[in-house]
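Please go over the structures that come below.
Here come two complexes built around chain A, the first alongside chain B, the second alongside chain C.
Let's look at the complex of A and B:
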C-alpha cells in the first residue's frame, strides 16, 4: 500500500474530510477578508483613492488619538460591566436549574431559557427602547406610582442602557456553560463538604464555586469577546456618550472614507480581545488542572 | 459496659410512597466495629445516611452520645463519613483534602499541618500531601478519604462500602488495615457492606438487614451458629435446608424426623423462632462429614450418592444427594493426610449429629 493510500484510510484523513467543508468555508469567509483588512490597515486612503505603500500611520493614529483611546477604553469598560452583570444574572439561574429543578424537568427549563432567541436581536433592542424610553414602561410605571415627578432620563441613550440591553441579550449564552459546569459537580462532594463541617455558604465558596469556575470562565469569554465589537446596541440605545469602538470603525469605513484607519482600529480591538481571551484561556487551564 | 454511642429507636423512612426503613431499632456500642450487612437495596445506605444527617427520619429518633439528633444538620453531628465514591475534592491536593474539615473548624495553620501529616502517616500516605488528588489510585484515594475523616476525631466513623471498588487483593489488605486502624484510634466504626465474609471477618457485631428491616443483630459467631431465621441463615455462609416433621418432645426438646438424615432430638434453643408447620432443618456443610473407611463412625449416619465434587486443595466440597431427598446437600471436608477424596457417583456414608441441626422458620 502506498503511503498516500494508507494516509487516506487513516483516522486523521477522515477527520480532515469531516472538517473540510467548514474549513473551506471559514477560509473563504473569514481568513480571506481578514487578510484584506490586515493589508488595508497598512495602506492609506485619499478620498476614494487607495495608496498601497506600506505605512504604520494608521496604527499610530489609532493608538495615540484621544478619541480612539476613549472609545477603546469605553468599549472595554462596557464589555467588562456587561460580562460581570451577565454572569451575576446567569449564575443564580444556572444554579437553580441544576440544583433545584427535578432531573426530568431540566430539559424543559433549558428550552425555556433559549426562548429569547426566537425573536430577533434587533427586535429585542427596540423592546428595550420601549421599556427604558422617556415615555417608556419604566418611566410610565414610576410616574404612575408617584415615585418620580419627571421621567428619568439617565436610563436611556447612555452607557447604562447599553450595559442593560447587552446583558439581557447575553444572559442565556452565559447560563448554559455555567449550568453544564454545575451539572458536572459530583453531588457527593457537596455532602462531603457538609459532613466535614461546612455550612451551606462556606461549602458554596470552597467547593461549588471553584468547581463551577470552568463554566464561569467559558461564559466570560463567550460574553466578553462579542460585546466589545457590538455596534447595533450602542447605536440604538447608547446615545452620543454610549458609542463604542465599532461605531467608530463603521464611521471610518463609511462616512469618513478612511477604510485603512477603520481597519487599523478593528485590528487593534481584535488584538486587545485576543490578549484578554488568552488570559482567560490560561485561567481556565489553571482551573481545569486537577479536574477530570 | 459503657453507654451506647448510637441509639436508633423506631426509625421509619419514606421516600414518597416507598418505605425504605421499617421500625429500625439498634444500639451501637462505644468503640465497636459495627457492620450493616444486607443485599442490595435493603436500606443500608439509607440507614447510614440518617445517622450522618443527610436524610431526615420519617419517624423515630437517632441519638448520638446521648443526644437527640433531631434538627441537627450533618455538619454539626459528631460523625464523619467515608463515601462510597470517596468524594475527594478534585480541585485540591491530598493535604488540602485532609485539611478541609480542620479549616472548617478554624484551626491555626501550623497545627493543621501537623495534624494532616499525622493523619496521612496513619493511613500510610506519608509524603503524598502535595500530590494532586486526581493523581491518586483508587486505593490511595480511599486512604485520603479515610484520613480526611479520621483527622477530625469523630465519635463515629461511617463507611459506605469503602472497599467495594477495590480489587480482591487490595480489598483484603484494606480489610485488615481498617481493622487495625480502628483498634488503634478507638473510634466507633459503622461499616456498610453487602459482602458477608467482609462483615464476618471485620466486625464486632453485625446487623443483617432485609428490605428495610433488621433481621438479626449479633456477633459474627452468633450469626453464623445461631441465625434466627432461614433468611439470615441463607445470607450468612452456606446452609443446607431439609424438610422436617417436628413433635414436641420432653423437657424443652423437639422430636424431629429429618428428610434424608433421620430421627433426632433437638433442644429448644436450636429453634430460635419457635416451631410450626413452616419450619425446616438447617445444617452447615462443615457439620456433615463424609465417613470414609470401615472404621469411621459417627453419632448418626445417613447415606447418599455423590453428585459433584469441588476440589480446592485444602478443602473438598461435595454435593451429595441423600437417599429420599431430591435436592443435594453441600458437605465440606478438610483434606487431612490419608483421607480419600470421593468421586462422582460414589456412594457416601454421611455422619451428622443432632447438636448441629437448627430448626428455622
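Let's look at the complex of A and C:
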C-alpha cells in the first residue's frame, strides 16, 4: 500500500474529508467575506467609485467623530445593561428548573421557556411598543389600579425600552447555559457543605455559584456579543436617543453609500465587544482558580 | 417554606413577562379596531380576510418558503457531514474546525449580512433570493450541527460494526443502519433551520434584492398604522405555524433519543 492510499484510509483523512464541505462553505461564506470587510475598511468610497489605496481615514473618523463615539459608548452601555438584566432574570429561573422541578418535567420546562423565542422576531419587538406605549398595557394596568394618574411617558422611546425588549429576546439563551451548568453540579457537594455547617445562603455563595459560573460566563458571551448588532429594536422602541451603532452601520451601507466607513464601524464594534468579553472570561478564570 | 413561595411568585411573574408579546398577538388579531391598543373593541375575523386579499403578501410568503426549504435542506446536509465527522472520527485540528463552523452562533447577524453583501456586490452578482439562502445556511448550520451531533453521539457504534461484519459496505451501512437511526435528528434539524430561516430578518434585509421575504415585507408595513391589525393576524398565523413545527421537531428529537436508548436530557439547544 502506498503512503497516500494508507493516509486516505486513515481516521485522520476520513474525518477531514467528511468535514470538508461544511468547512469550505464556512471559509467561503464567513472567513472570506470577513477578510473582504477588513480590506474594505481601509479603502474609501466616493458614491459608487471605490478607491483601493490603503488609508486609515475610516478608522480615524470612526474613533474620533463625536457622533460615532456617542453611539459606540451608548451601544456598549446598552449591551452591558441587557446582559446584566438578562443574567439576573435568567439565573433564578435556571435554578428553579434545575433544583425544584422534578427530573421528568425538566424537558417540558425548557421547551416552555424557549417557545416565546419562536414568535416572529419583528412582531415581538413591535408588541413591546404596544405594551410600553402611551395607551399601552403597562400604562393601562397602572391607571386601572389607580397607581398613577397620568400615563407614564418615560417607558417607551428611550434606552430603557431598548434594554427591556432586548433582555426579553435574549433571556432563553441565557437560561439554557446556566441550566446546563447547574445540572452538572454534583448534588453531594451541596450536602457536604450543609453537613459542614453552611447555611443555605453561604452554601449558595460558596458552592453553587462558583460551580455555576461557567454557565454564567457562557450566557454573558452569548448575549453580550450579538446584542451590539441589533438595529431593529433600537429603531422600533428606542426613539431618537435610543439609537445604537448598528443603526449607523446600516445607514452607511444602505442610504449613505459609504460602505468603507460602515465596515470600519462594524469592525470597531466587533473588536470592542470581543475584547470586553475576553477580559470578562479571563477575569472569571482567574477568580475561579483563586477559589480552588 | 416562605422563601419557596417567593421563588414560585417570581417564576410566575417571569413567565408572564416572557409570554406577554406572544399572548397579545392573537388578542389584537381578533380585535375589531383599526388601532392596536387597549381598550379592546369587539371580535372580528376581518383582519384575516385582509390577508387573503393582499397579493404582495402572498408573493413574499412564496419567496420565504422557497428560501426556508432550500436553507433547511442545504444546512442539514452540511450539518450531517460535520456532525458525523466530529462524532465518529478523531482528527488533528478537529476542535478548531468545529469551533470555526459554530462561530455564526455568537456573531452579530449584522456582521454576517454586511460581509456577504460586500462580497456579492464586489463580485458583481445581483442580490436575489439565493443570496439570502447563502446567509441563512451559514447561520442555520451551527444549529443543525448541534442537534445532529447529539443524534450521532447517541448512536451505538456496535450496530454499525455488526453491519460491517455481515458484509455491508461503508455506504450501505450508512444508508441502511446509521441513517434510519438518526433520521429523527435529521427531521428535527430540518424543522429548526426551516423555522429560523422563515423568521430571519436582519440578514434578509441586507441581502434581499427586489423580491422581499415575509419579514422584509412585514418591516415595510410596520410604518403604516392602518396595516398593523392585519399584521397582528399574520403574526398569529406565523406563531401557530412555528409552534406546530417546533412541537413536531421536539417529538422527533425525543423519538431519536428513545430510539438510541439514551435517557432524555431535554432541550434542543
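Just so it is clear, the second predicted complex is superposed on the first by the 278 of 292 C-alpha atoms of A that agree within 3 Å, B and C clash if a C-alpha of one lies under 4 Å from a C-alpha of the other, contacts with A are read in each partner's own complex, and residues count from 1 in each chain.
Following the convention adopted for this analysis, a contact is a pair of C-beta atoms (placed from the backbone, for glycine too) under 8 Å apart; a residue touches a chain by one contact, two chains touch by 3 or more.
Just so we're clear, the structure is a prediction, and the values are computed from it rather than from any experiment.
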Touching partner for A:210 - first (chain B), second (chain C), both, neither: first
Touching partner for A:102 - first (chain B), second (chain C), both, neither: neither
First, second, both or neither for A:40, with chain B first and chain C second: second
Chain B versus chain C as contact partner of A:194, first or second or both or neither: first
Which of chain B and chain C A:146 touches, first, second, both or neither: neither
Residues of chain A touched, compared between chain B and chain C (which is higher): C
Shared contact residues on chain A - chain B and chain C: none
Parts of chain A lying in touch with chain C, wherever the complex brings them together: 11-16, 18-19, 21-23, 25-26, 29-34, 36-37, 40, 89, 92-93, 96, 100, 106-107, 110-116, 118-124, 126-128, 130-131, 133, 135-137, 140, 168, 171, 173, 176, 179, 221-222, 225-232, 236, 246, 249-250, 253, 259, 262-263, 266, 270
Contact footprint of chain A on chain C as seen in their complex: 4, 7, 10-11, 14-15, 17-22, 24-25, 28, 36-39, 78-79, 81-82, 84-86, 88-92, 94, 97-98, 100-101, 103-112, 114-119, 121-122, 134-135, 137-138, 141, 145, 195, 199-202, 206, 215, 218-219, 222, 231-232, 235, 238-239, 242-243, 246, 250, 254, 264-269
Complex contacts: residues of chain A adjacent to chain B: 186, 188-189, 191-199, 202, 206-207, 210-211, 287, 289-292
Footprint of chain A on chain B - complex, ascending: 52, 54, 73-76, 79-81, 83-85, 87, 89-92, 100-101, 104-105, 132-134, 148-149, 152
